[in-house]
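In the two complexes that follow, subunit A is the common piece, with subunit B as its partner first and subunit C second.
Here is the complex of A and B:
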């Protein structure tokens, strides 16, 4: 209303803080590279685009994860959903590789959705179980070794190639992001996610089909994880055991750093995008600075905790 | 008598909102002091300050003449100031005994002494005449009215010198209210100071020695009981003249039914209910709390599974599997607990208003921002909801305005059968009257209304007919002038045969 006192909505604040922290990371990294190499490598378009390309895989997983977190649930099966989709896609090969990979995602999502929404099993347990089952199935399938099959050309195209300098994976991430942005703000399904996350009983009594919405959120989450898997297999030219393990916790962290409430109901999609970029850059800069693995883990975890403490303080002050 | 607790010059602001402004207030030992005012008048803030939940911006408090500050509720408790809040503070998954002793459980060798805890709970519940509540049962399994009694027992366990009841009787049955009255009278004789907040005038008449009226954060006046008429008191509260409390009932023949219920049954809690409501009619559901009235509403709304019997709405069979089905059949349910069932509290007023009407504000798969804004503005105007900006969280509204949001949300769906589950519990007089008028307008516009209330006054004032329930059955249906408090109470206790042999 008042143009002079621009009110920052409470769910925008974490996004601004996270965006500010991205600048801090870039600044610190640049000081380091200037001191050691005499060049501002981190600010070159080539480096940044490379980071966004890497971030696209995490971004897709986090996008799906956000939908599930918004309704107050969690999906811990994304690691092996991603891997299973990638392995299936490379095993099937040919024109059906990508549909087969996405089909795996659809099936896992339906299973998760039915288990959580209709059978009322807590999502943390159910998806953890599904994750273990998927891992077992994949190990049985491949005999515990990396599958010998390679990614198809189409998978390589969406995962690794660039069109006039822009990585296709980045384009896919942007397209998915736009779609989710519209879904969350402009559709009944999106509104229902927030309503369920805030108070499922009130949403149910308002005539919102809560079970169907919950199920659909899990399906979308698994589908995006599967898409990320197919693309990641294309990027690394093949699928391998444990390729998804590095995505579960960073995806959850990205969603939460972006300001989405871990218990659901609050958060903007833009925050998740910023959270993904923050995590990818943090990892990259720490490795450029030749921080040993142990130190990287400590800093990485510390950053997540500190950011959440900062958000928590702000919230208490305003309520 | 010198006051037990005195406040002077207390002010409190929340952001830009002035909750209390330079308030002087005192309460004496051995007396029951009623605090009156509409929602948003500052009563809740007053209580929160006295009980240490929030700190005043300015002003001072004295206890027994000595200056005192309560930085936390625990500090207030230690000084003997105990509050029974409107929102229940019980842990649903702990037992009654656990809850009653939760802040200071009896210990033996450093561990909680479960047996002593149980005996303590039994003794406290017995003081309230609630021997029927098993201290070993989980709070979740108790009906709302029993939970409220447990809440009161928990407060008594802290040996209050100043006991504050904030709408503590709003969920109680008539019999429990009697018990609470007796308990309060006893405490008063023992010299306890009691602050009593209620929206029910007859309770205040029955109990209070002194009355204070608050309006817009100011202490308007304090007077002894009997010095003002009810009408004067209500005018002081709302600061304007009031119209007749209930809108007149139209005189006309009974309309043909639009909702017909035959032999409705559910899980042994509803037994062979048969009734009907027509367009333009308000049918009240009366009786003691927990006789199946809520279950009737939930069964009609598709929440309960395994409902037997036949229901038809406007001639079509009605077997909803979920509230979504019921909504499609043009039913609306105003649920019992607006905070957990009616509203998504952290979400905005606007988002709450449209939560049941996505199909009405969408064009194709997308929500039309223009239509949404018009729908929200229309709802806010129609119910005169006092709201700064539709983007504000609904939790920032007063109780009465929150309830208006719940009702407005459902009116947006243009329901033809409206089910209300005690919609005026804990809201102020002014809003209550608006709701009564609205119900009559909706009925006149052709809606059929099923109205459950724990307040007999309301049933008498609002309803064309009242079906009194006892143990899952309708024991009697009252109509017109036959709707009297005596008739409702007699039927509610299922003693009509003895009381009124004409209705064998």
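Here is the complex of A and C:
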């Protein structure tokens, strides 16, 4: 027993517990569907693949959010970065739709990065301001209504289509995930993120270009949010006001449930993936069980607190 | 805020100087953020009143006092955890929860109304206390603990009010949202508000009195207690505060309880103003985010240790005064969110001047 527990790394424990909780959710949901419909709908591949496709959008946002949280910052502007990218992409249209959407992400990321890394405004408040400005720009541009322009075929393809049964959105998420996994564990940039998150002054004194790394993390975060926006516009065939609002807090929750420390420096990417799947499944099972919005909110908050009480407890400051 | 403990290097430098002008300069520097916010408020609110057809009149003041009250209370709520170096993302949700609770309780006989008001304030404080317990005994980071508990508060609010509705005692609504003379008239005080000695104060809007009461009778005495000063100490250096034997757990519990109390008060007055309970999720998150913005504009550091609740009220006043001007200067409604965002961004970036002035980049890390 002892030998077994020693082998589990401390940052793996949250991932195992979260994965176990996913099985609990699936189990409870299956018992419910067996009792009411007499079929184990939740365990069918079609249902699971559908959930993973829905999860891909949240997964992309959470992936970017994790990079920013790892360095001890937070990006609250992803909501309107996502929306602005989607609106710009549908407005531009044609072959340049996707590059235009991603370009929005790049620009917002650079702005956030300069504000946080070079001007040293606290990220929480700077990204909040950028979010408000983006919202203002989009409201001014669209007149406060959903834009009439539709998503292009290419956006439809990466957002909604399937190639031999596998959603393209899922493929994109897997590709991004693999890339981030490699970046975080195998590159100097990835290790710098952890170093900055642990102690920025130490990272700076050991020669890490902290400002450039911080800036790059914000750029990547906004880029992934923009990619999610472009794909989401493809999935729902158009962009609309507030389409990103439902992604900010779940993305932060997914990252934290996956064992990443909210103050930075610790966490594995695998945990974020598991956290995203947990949140998507929890939402889906609760809606299958026809839980009213009130109950959903309470369960949602309760799950986050209980999971963190199990493995997210910090240490007391004693010196 | 003059006697706030600052994380700045200012106290060390000032002690080398003789008292007198140096002392004044030190105080000015310590309160630079607050003074900037006051200047912004005077500018925006002055402009508004100058160009308003009935500017500088009691009616305008009463209307504005009602518009600023809830956000000001939430800004005070947000300040206390921020001083710890934490954050409370549940203030908007607690406000909504108490708002829905009030729409059930604050009606009926005078005794029932009084009990209802007490229950509402108590509920806010109780929710804040639970937040504090999660942070202190659960040892979960405040930002994520209150993110989750905010969802729970929102869920409870939806249980209480699945649809907007309910009612608030009409006399109370009228009395609390108008001038002091209307208050006295409603409740037959001071010869229906016509007593001669009463006239000089009769014009004062009740919401302003309520806000001053919360600031001067709750916040100011609290800050002077050991617990209150410990909150500042924790924000500056938690380890040092612990080693000095300060009551860390008690201060953190008190901070979150006070945040819940102020947020609950905000919800109660929102209910009194609107006469309904409404579990509106976007409204709750807007209030939470605006409360953070107000705290920052008021000059309180998000890292903790410097600032104060009264400065945050000024921050809230600035935010509201900016949007008052939209009515006067005919800013197209479609451009208003953009202007608001740009002003917010500019205001928070002013703090960046410190980063550009630093001689040694190591000074910037913390």
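One rule holds in what follows: the second predicted complex is superposed on the first by the 305 of 319 C-alpha atoms of A that agree within 3 Å, B and C clash if a C-alpha of one lies under 4 Å from a C-alpha of the other, contacts with A are read in each partner's own complex, and residues count from 1 in each chain.
Please note the rule applied: contacts are C-beta pairs under 8 Å (C-beta built on N, C-alpha and C of every residue); 3 or more make two chains touch, one makes a residue touch a chain.
Predicted, not measured: the structure shown is a model, and the values here were computed from it.
Undergrad: Quick check for you: in the superposed arrangement, does A:195 touch first (subunit B), second (subunit C), both or neither?
TA: Once the two structures are laid over each other on A, A:195 reaches subunit B alone.
Undergrad: Who does A:204 touch here: subunit B (first), subunit C (second), both, or neither?
TA: Once the two structures are laid over each other on A, A:204 reaches both partners.
Undergrad: Check the residue A:115 against both partner chains and state whether it touches subunit B (first), subunit C (second), both, or neither.
TA: second
Undergrad: Touching A:124, do we find subunit B (first), subunit C (second), both, or neither?
TA: Once the two structures are laid over each other on A, A:124 reaches subunit C alone.
Undergrad: So in the superposed three-chain picture, is A:186 touching just subunit B, just subunit C, both, or none of them (first/second/both/neither)?
TA: So A:186 only meets subunit B here.
Undergrad: Per the contact definition in the header, classify A:143: touching subunit B only (first), subunit C only (second), both, or neither.
TA: second
Undergrad: May I ask you to name which of subunit B and subunit C touches more residues of subunit A?
TA: If we count touched residues of subunit A for both partners, the winner is C.
Undergrad: Determine, under the contact definition given at the top, whether A:46 touches first (subunit B), second (subunit C), both, or neither.
TA: neither
Undergrad: If you lay the two complexes on top of each other, which residues of subunit A touch subunit B in one and subunit C in the other?
TA: Touching subunit B in the first complex and subunit C in the second, residues 201, 204-205 of subunit A appear in both lists.
Undergrad: If we count contacts the way the header does, which residues on subunit A are in touch with subunit B in the complex?
TA: By the definition above, subunit A touches subunit B via 1, 182, 186-188, 191-192, 194-195, 198-199, 201-209, 265-266.
Undergrad: Which residues of subunit C touch subunit A once you look at their complex with the stated criterion?
TA: 87, 134, 138-141, 143-145, 147-159, 162, 238-239, 242-243, 248, 282, 289, 292-293, 296, 302-303, 333-342, 344-345, 348-349, 351-352, 354-356, 361-362, 364-365
Undergrad: Which residues of subunit B touch subunit A in the complex?
TA: It is residues 301, 303, 322-324, 326-328, 333, 335, 340-347, 351, 354-356, 358-359, 362, 365-367, 369, 389, 409, 413 of subunit B that touch subunit A.
Undergrad: Under the stated contact criterion, what part of subunit A meets subunit C in this complex?
TA: Answer in residue numbers: 74, 76, 115, 118-122, 124-126, 128-137, 139-140, 143-144, 200-201, 204-205, 245, 249, 252-253, 256, 261-263, 292-302, 304-305, 308-309, 312-319.
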